[in-house]
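Have a look at this one before I ask anything.
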Amino acid sequence: MNVLLLLLILMVLAGLWSILTSLLLRATIALALTSVLLTVVMFQMNAPLAAVFELSVCAGLISVVFISVISLTHRQPLKEYLARRQKRILRFWPLPVLLLVVGVGLSFVHRPVHIMLPHPTAFGDIRIMMWQLRRLDLFGQILVLLAGVYGVLILFRGNKNGN
Amino acid sequence: MNYLLIFVPFIALVLVNLLPKKLRPISSFLVLLLILAAQSIFAALAPFGLIRAVGAVRMEHLFGFHLLIDNLSLLLLLSAGIVGFSALMVAWHSIKDEDDRFNFTNLLFILLIGMNGISMLRDLFSLYVFIEAIAVSTFIMILLYKAREAYEGALKYLILSVVASVMMLSSIALFIMFCGGTSFEVIKLSLVSSGALARIAIALFICGLFIKGGLVPFHGWLADAYTSAPAPVSVVLAGVVTKASGIFTLIRLLTAVIGFSPATKDLLLIIGAISIVIGALAALGQKDIKRMLAYSSISQMGYILVALGCGTRLGLIAAAFHFLNHAIFKSQLFANAAAVEEQTGSRDLGSLGGLAQKMPVTGITSAIASLSTAGIPPLSGFWSKLLIIIALWVSGNYFYAVIAVLASLLTLAYFLTLQREAFFGQVSVKVSSVTEASAGMLIPAVLLSAMTVGLGLVFPFVIKYFVR
Amino acid sequence: MTVLFAVLLPTIGAFILPLAGKVSKLLRNILALLLVSCSFILSLILIPSALSGHIESFRVAFPLGLDFVLAADPLAVFMALVSSFVGSIIVLYSFDYINHYENQNEYYAMVVLFLGSMMGLVYSQSLIYLYVFWEITAIASWRLIGFYRSPKDVLKADKSFLVTAFGALVMLIAFIAIFGMFGTFDLTVLKGHVLPGVLIGLILVGILSKSATLPFHTWLPDAGVAPSPVTALLHAAVLVKIGVFVFARLFLFTFNIGVFWHTAVPVIAAVSALVAAGAALIETDMKRIIAYSTVSQIGFIFLGLATGNPVGVAGGMLYILMHGIAKGGLFLTAGIVEQNTHNKDITKMGGLISTMPLTAVSFLFCAFSVMGIPPFGGFFSKFMVISGAVDAGQIAISITFIIGAFMTILYLFRMFNLVFLGEARGKLAAEGSKLMVFCVVLLAIMSLGSGILISYPADFVRIMVSQVGGIR
Amino acid sequence: MGIEMSQMFWTFFIFFALLLVEGFYCIIVTYNFLRVLIGLELLMKAVTLFIIVAGYLSGNLALAQSIAITVIVIEVVVVVVAAGIIIGFFREYDSLNIKNARSMKG
């Protein structure tokens, strides 16, 4: 439990860093770090399969996507960037305070909750669960992926007009 | 039979993409047209028991998941079939580029599968996955032409859609924790015994659906997305897609899982009434045809919501019937807008005028659809609004009934503005050389307005099938 | 079944007219006339059954109290006869009037649809179908008022649509409330029930907005931008009569209304009659004068119907007939004058009696009938209405209406003077086409004839009134 | 078990809430579409965490994992599509500033 707590605190801090940092590249790295921490949390919670997915897809693939987008779009001169940096602080300093307030405030809430144990018919094994009970989700996933493929085909194809 | 509704389009989609490049666009068009027509006919005739016998074949063991068709599913299947059909017809004539056209058909395939899935699902998370499939293909569809303002519409939609997803997923997590599963039966069974957090989960999910459906506190994205989308896309988007993922899912949840508690009823009535009024008022001030229609959509969805808010059987029937009607007349109005844009190159009401003389078919059909939306008899929109108002009155919500009645006047006012500025009136100089749109654009408009009139005339005869 | 055909022939036939227009103009015109006169003939056939007390009806049962009921009781047959007769003459007149404008197909379709839905309205015995046909007439009048398509016309068409739709929606609320109370829309079932005052008020809003009574009267003079046959249709045959008819149908023949309304309605009617007559006195636009005159005359009809005694109600009913014929004639003569002089301003006309004598005399005959000069038809109806009001003990209101009647004489004579007598202030135009003149002469003779042969309509009306339950 | 379970739930819930606050703050305050996307990503992270926590606490990890995997797949598709849109937006407007997208009036 203590390890989990530490990991979760680190995760929130990494998320905070990704927002506060003024360099987009650093923000991406911080986001990947958040993902990695989430992966470790998942391992701690006995969810290895989801953890592997999170690590490879979120920490890996999404970071690659982000970095390529940044390299394609980010052309800010250094001077402008330094000037902006000062202003950014003004907009973002309330966030840590807000986090602190929310965190402390919520920690006083301790209403008892009744957590329902799984339905007796539920299968404990993830393989059975995924391949036998959640087939429709898989079908839906394929659908989403297909849509994504067309998205890539349409969106990343250059403009026909040549600009 | 049920499985065919999602597998046939899926297999067709895969097969069409394997064809040689030259054959793809035309074959995909024809195949999809055939599927949509078949689906519409199936859904329209099923209540009369003609196809029920065929559909009774049990294939559950083959695939291992449950897809159930009830009358509510047929409603969405029918709407999706009709609207998809019209959108495809419009697309075939308004999308000039072959690749774009092929991409549009492919995405429409995905939308269709998604909507058919939604109509038959009995699991909250699967519902979410299908909604997301629809949403992703919608983002892409809006950007089909990569028009400048479309990026804004798509981005706004994307951001709010992800926020909605977050709400829905949080609620799913809460359901796993407090109800022990995500299928409708499990949730329904344990909802009685579970505490406040399960209710929060319900509220979160409904909130997410409100965003997806563009109801009033969250309606910001809807007008932008509808307006900036290419013509055929806005037909399918306004006609059925946002309704399928928003309102339809809400109806499904209310009837199959949550039930009507006084708090839910109040929420639906209040949000619905606000949507009706704000949507209509916003539409009144618009100069862009599509934007006006988009706000009108919000207003009409408000009607469906207040009908649901009655919590009675009659209210549900009214909501379902208005859902179908809205799919018909709104997609037709967008098809008319597409025809106008195609022929005049403009959607600005200020620069149009007297088009009814230049484009008589478009003019007449749009007048029919407008009046139907405003609830003027004997068109089909009147009957659904009448049912809504009767349902509200009988269930004792007199105040909302009066709002619903008087808001029709606002609806009539903005549609009269639309008719006056665009169709009815003298031919303005800018459109003096305009001709009628091509036959392909007119077929859906004529077909849909024939449905509006026909449904309006035979409605008293078919109502017993609805009431049952 | 005769009832069904009287309704369905024109309503469905209207949509065939544009197709017929593609084939030949003449075919379309003849067909339009046939459809409207068919309703007239079918209504004539219905007279014996209506008077015999064995009322012919047609019914299809639907769930939710939405039964479709048509019945040919004396009130319905009387109204149907008046509107389809005046309507037929107007369609005949349109042959020559409308033939040099665009959108003729739409014109004929809408006119026939208009009259068809009027038939549906008068014969239907269900609140909801009453509302349905009521709104179809609104659609038709919207298209017809905007016939010339200029921005001003279309704006006024929209205005009339919005005002009447507002009234109709308010009325719909009352209908739904009635459904909530009694569980049905069927008037035959609802007969004899007592309505709460609020609902009567709501229905009255609808009725007053449709029949253009104060305070909802402004759309009617504005609707004068429409072609003359259309305004004649609106004023004489269909639109404003709908309100009066529904008043009679609901408050005399179906529901019992309280004593309060027997005083309140005449007061509204009196104010409306006086204000509109005053407006007609100072107006200079020919069609607007006649339009205000309609607003004023409708007040008389309301007075008659609201008195609640046999003489007054019979007077109100006769008034509908007389006013329909005479006002139709006035508008059609105004149409001839307007079309030939290209002018609507009465201060810029004069002396037209020398070039268009038949039109002038017809105008005078119709005007006499509206003024209520014996032996024209209008005299009897006006006399019966006022004597009914006196019988009911409403002396003050009767005196107001007599003043209104004098004002009618004033403004119609003023108009006749300025347009047809004196020296020419504008160009002198020739007589209208033979067909158009024939129509107005026919109406003028009818105005006189209905007075001389008053016993026939009076007998009919007496039988009808004897069936009314709520009359003291 | 009940009290301990409640305590654990509330602990995890606090972190879930904190991540949500971060994400929403980022979406609302920043002017850059890429940063908005980062905010959305943080939200998705929070939700994924919450789903796994739900499975962990209720002992229904198989279901939670399969749901989480599906969510991750959908998430990546959405991010890729969003990236495509953002690149296109940059091509059109030569900037990622959100203020450029305010040309449409509500």
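Some points to look at:
In this document, chain identifiers A, B, C and D correspond to the written order of the chains, with residue numbering beginning at 1 in each.
The working rule: a contact is a pair of C-beta atoms (placed from the backbone, for glycine too) under 8 Å apart; a residue touches a chain by one contact, two chains touch by 3 or more.
All values derive from a computational prediction rather than experimental measurement.
With steps allowed only between chains in touch, the distance from chain A over to chain D comes to 1.
Averaging the CA coordinates per chain and comparing them to the mean over all protein CA atoms picks out B as nearest.
Relative to chain B, the most remote chain by averaged C-alpha coordinates is C. If each chain is reduced to the centroid of its CA atoms, chain C and chain D end up 67 Å from each other. Averaged C-alpha coordinates put the centre of chain A at 32 Å from the centre of chain B. Annotation: 43 Å between the Cα-based centres of chain B and chain C.
Our note on geometry: chain A versus chain C, Cα centroid distance of 72 Å, whole angstroms. Contacts with at least two other chains are made by residues 113-118, 122, 134, 137, 140-141, 144, 147-148, 151, 154-155, 159 of chain A.
Touching two or more other chains at once are residues 125, 129, 132, 136, 139-140, 143, 146, 177, 180-181 of chain B. Across the assembly, chains come into contact as A-B, A-D, B-C, B-D. By the touch criterion given at the top, residues 314, 354, 357, 371, 376-378, 382, 386-387, 389-390, 393-394, 401-402, 405-406, 408-409, 412-413, 416-417, 420, 424-426, 460-461, 463-464, 467 of chain B touch chain C in their complex. Listed in rising order, the residues of chain B touching chain A in the complex are 6, 10, 13, 63-65, 67, 97, 103, 106-107, 110, 113-114, 117, 121, 123, 125-126, 129-130, 132-133, 136-137, 139-140, 143-144, 146, 177-181, 186, 190, 194-195, 197. Contact residues on chain A toward chain D in their complex (touch as defined above): 1, 5, 8-9, 11-12, 15-16, 18-19, 24, 27-28, 31, 34-35, 38, 41-42, 45-47, 49-50, 53-54, 57-58, 61-62, 65-66, 68-70, 72-73, 91-92, 95, 98-99, 102-103, 106-107, 109-118, 122-126, 128-130, 134, 137-138, 140-141, 144-145, 147-148, 151-152, 154-156, 159, 163. Listed in rising order, the residues of chain D touching chain B in the complex are 9, 16, 20, 23, 27, 33, 36, 40, 43-44, 46-47, 50-51, 53-55, 57-58, 60, 63-64, 67, 70-71, 74, 77-78, 81-82, 85-86, 88-89, 92-93, 101, 103-104, 106. Listed in rising order, the residues of chain A touching chain B in the complex are 113-119, 122, 132-137, 139-141, 143-144, 146-148, 150-151, 153-155, 159-160.
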